[in-house]
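Below are structures written as structure tokens.
You will see two complexes here that share chain A, one where it goes with chain B and one where it goes with chain C.
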Partner chain A sequence: MGASKYIHIGRINFLAKTAYMGDLLLGTTFYTLILFVFVQLWRVLGGPSGLVVEGFGYREMVWYLTASEAIMLGRARIQDDISDEVKTGAIAYSLGRPYHYLGFKFACYWGETAVRMLVHIAVGIAIALLAVGPIQVTAVQLGALAVSVTLALILNFLIVACISLLAFWVEDTVPFFWIYGKLLFVLGGLFAPVELYPEALARAARASPFNYVLYVPARMLVRFDAAAWGNTIAAQLGWIAVLGALAVGLYSLGVRRLNVNGG
Partner chain B sequence: MDDVTAIKVRDLVKVFKVAHKRPGLAGSLRAIVRTEHVDVRAVDGVTFSVEEGETVAFIGPNGAGKSTTIKMLTGILYPTSGEATVTGMTPWKQRQRLSRSIGCVFGQRSQLWYHLPPRDTFELLAHVYELPVSQWKPRLTTLADRFELRAFMDTPVRKLSLGQRMRCEIAASLLHAPRVLFLDEPTVGLDVMAKRAIRDLVLEMNREEGVTVLLTSHDVGDIEQVCRRVMVINHGHLVLDTTVAALRRDFMKSKTVRVRLDSPVEGILNIPGVEVLKRKRGNLKLLVNTATTSMDDVLAHLMQLGTIEDITIADPSTEQIIAEIYASGR
Partner chain C sequence: MSTAGRTGAVTSQVRFVWEHFKFNLAAAMEYKAGFVSQVVFMLLNDMFLLFFWWIVFRRVSSIGGWTFQHVIAMHATLATSFGISVAVFGNSQGLPRIIAEGQLDYYLLLPRDPLLHVLVSRSDISGLGDVAFGIVAMALLGRERLSSLPVLCITALAGAAIFTSFNVIAGTLAFFVGHAQTISDQVGNALITFSTYPEPVFKGAVRVLLYTLLPAGFMVYLPVRLVSAFDPFVLAAILSFAAASIAAAGWAFRRGLKRYESGSLVVVRM
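Right after this comes the complex of A and B.
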């Protein structure tokens, strides 16, 4: 019964987001544009010459980028919601309900992410197929990939929640999200797999949780390693445990110092 | 807790630390290095109790501490000190458990899902409160009939009028049959008809289900028509706790009348118990002492002066009532 309410919260947010289907489809223009630019770039770099860097050729690079960008753009943008609710006091309604606020936000996040991911995956697959053709993946690999993508999105939620909850202490969380975005670009391996990085940067990326949000699942799509899958999932779960505890801790501390404006 | 006590508050204090920045560039630079804070005592030692089934107005000017008190009583804010129980529970310690026995409406916030019809929010709330279908479906039918929601139950909230939305907000807060209903400015921004509808509905729920109502409002009309008891808070202190009848008798002795007549008013206007505050051609602003003069008499006098093109009759503001309370030496 406890989980049922969260499922319904997710469901209602899913329905609410479908009210914006037109906007969402329009929003994939940016995704299409980025994929187009990178397809052109890698066609020049890897296409005719057959350039392969660390096992990533033209086709792998395009599919890698399709996957990493789908996760990047398909994640729900809950950061604005949480920060605004804390700042404006709209959190009042959520606090007065028989659910955990973070659980509520998590359910909302999945409701929106489900819509966005479905649209971005569909658009991404269509573009990648048109540009470079199919990539070889088995049904088992796709199942394993789905697990990793799910964990990556949970990890992203927790990082975003931790940053958003800073609104209990600071006036504006936008700069922190700007930094998070850039960390995903670089350490997350948004545009290129970390195998292409200089050694020191690659080491830093692998040691960060950001790597497990984009790089790990995107790489799993193009270069599936069955032997390493268990360790990868364990690492993702480890980061989820750490950041989950941090988010719950920040929330517990923050809610005690909540300063809801009178109304 | 006594069986009949719905809300019990003792010496409740809430101090906010508010960042204070000195003016100018120097002040901004200084604030980067060291933020100064000022303590603001929003609620300062408030004590009261509310019996089950009572309808209590909690009034005061902006920043008086009424919303802060309600937010502490609903468990949203932690008090700096003091004690409170609502239906026998300490709000900030048992917030989630308490949420099942209280309902809240914050007039300036919405709990409805903006892009979805109200029905979806109601269904979601039924799941959130873990209500069995056999309980919430008949309850929703009853509320939809009583609040006249049927016509727009399936219309997206964004397309509803403010009055329709507020009816949905209150119905949503009552879905889980709470024992105490906190209404924080539920009529803010509504027109006269919508305000009346909301007041009637709240009163009806109180009479029929025995729901305890604690209402904050700037609108004296809300207080007069819904509540039997009124508490006045100012600067975080409870300055008056009395019946609405006593408040009306002792501190609401006047009404302000603004009237526009079709022709300029000539000569001295001499209506007993009426003070002319402003006059310009056919426009008059009058202060009527309702303890000595009935509004019927005032209107009869005005109609003798000419045809009334427009008229508004306003109760004293909460600020004026508080000024009266202080003037009375209480």
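Right after this comes the complex of A and C.
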């Protein structure tokens, strides 16, 4: 009973998003553009005397970027809603309702993310196949990858929720999201796998939660390592536990500071 | 109009833009913490953009003749152009929404040029962080490139004019198709995206596109060439294209305005 209301909320959001499929497809223009640019870039970089990355040829690199960008752009943007509701005090309306605010937002996030991811994955596969052809991947590997992508998106939700809830204490959370975006870019390995980084930076990236949002699932697509899969999933679950506790803690502390004026 | 009269009109427009910018800046600085965080965080945000290229150029010496210095110059020019555009002409990217919602009425009733007035009515203060990054990036080019600074400043101003005009032209689609914010955002993103990668990456028809419909060539690629070797003809080409872009934006807006219908929207402007 507890979970069913959240599943229902997620389903409603999923259906609401599918009603605007034209908008959603138009929104993939940027994804298409980025992949096109990267196909051109790596064609130049990965030429005969060009850049060599351990285990990543031109084809693997394109598929890696297809996966990392799909996750990056397929995530629903819930930060504006949470930050606005905290700043305006509209969050007070949810306090009396029979759900946990973060659970409600999590359900909304998944409803929209599911549609966005499906569309981005379809577009990404089409572009990568056209550009470089298929890569070797089995059904079992795809199942294992789906688990990692799901955990990556949960991790992203928790990081975004933590930053958004800072609106209880600071005027504007938007600049923090610019930095989060760039942390995903650098430590998350959005444009390049960490194998390309200097050793110290690669170690720092691997120790951060951002790495588990993009790099880990994207690398899993192109270089699946069955022996390391269990450890990877355990690390993702560990970060989810830490950030989940932090988000719930921030929310509990924040609502105590809530001042609502007028009605 | 006589030459003196034309000069006076231009001076008056420049003063109008400057006064609006000062007013918007003063308004933003009322919230000091927000102002500082927007500028500083945008500066940091832009610094990260160089990270990817730093990683790449550790492994390769050049990309089709472009070195890390060229890429820094590219980001410096782009960030400065973009920053000036959004900080001074902050409504250029929101023009489709303003047109579709009938909010042009207010500007049409006033004696100033409505396009210029609507553009300067808002400032995106984070653009100052982009400009600050542009200055830092130019400094990173090193002492031997110091002589290129005046050229980079002039081309950054021209780039701001091109980017603003491009957004206006894309935004005037709203006069013809109604809601055009999404498509306008997409083409704006496309221009920015192409402007953040070295020119040699693109070939054939794409290269032609970048010197015509998506003018990244005039906004960043040609200015970068000037850093390597100054060529007065290249500078003249950039300035001519900027002037033509401004004229085209004005023409497109006036053409579109003939189809404009008031939103019958009652709003209070404080």
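Definition applied: the second predicted complex is superposed on the first by the 256 of 263 C-alpha atoms of A that agree within 3 Å, B and C clash if a C-alpha of one lies under 4 Å from a C-alpha of the other, contacts with A are read in each partner's own complex, and residues count from 1 in each chain.
Simple rule for what comes next: a residue touches a chain if its C-beta (ideal position, glycine included) is under 8 Å from a C-beta of that chain, and two chains touch if they have at least 3 such contacts.
As the structure is a computational prediction, the values presented were derived from the model and not from experiment.
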Superposition on chain A - do chain B and chain C clash or fit: fit
Contacts of A:Ser4 with chain B and chain C, given as first, second, both or neither: first
First, second, both or neither for A:Leu95, with chain B first and chain C second: first
Contacts of A:Leu41 with chain B and chain C, given as first, second, both or neither: second
Touching partner for A:Arg256 - first (chain B), second (chain C), both, neither: first
Angle at the Cα centre of chain A, taken between the Cα centres of chain B and chain C once the superposition is applied, in steps of 10 degrees: 80
Chain B versus chain C as contact partner of A:Val140, first or second or both or neither: neither
Which of chain B and chain C A:Lys182 touches, first, second, both or neither: second
Touching partner for A:Ala234 - first (chain B), second (chain C), both, neither: neither
Which of chain B and chain C A:Asp23 touches, first, second, both or neither: second
Per-pair minimum CA distance [chain C against chain B, superposed on A] in Å: 5
Contact residues common to both interfaces of chain A (with chain B and with chain C): none
Complex interface listing, chain A residues touching chain B: 1, 4-5, 8-9, 12, 15-16, 19-20, 89-93, 95-99, 256, 258-260, 262-263
Complex contacts: residues of chain C adjacent to chain A: 31, 33-34, 37-38, 40-42, 44-45, 48, 51-52, 55-56, 58-60, 63-64, 126, 182-183, 186, 189-190, 193-194, 197, 200-203, 206
Of all residues in chain A, those that touch chain C in their complex: 23, 26-27, 29-30, 33-34, 37, 40-41, 44-45, 50-52, 170-172, 174-176, 178-179, 181-182, 185-186, 191-192, 196-198
Parts of chain B lying in touch with chain A, wherever the complex brings them together: 16, 42, 62-63, 65-68, 71, 74-78, 95-97, 99-100, 102, 104, 106-111, 113-116, 120-121, 123-124, 127-130, 156, 184-185
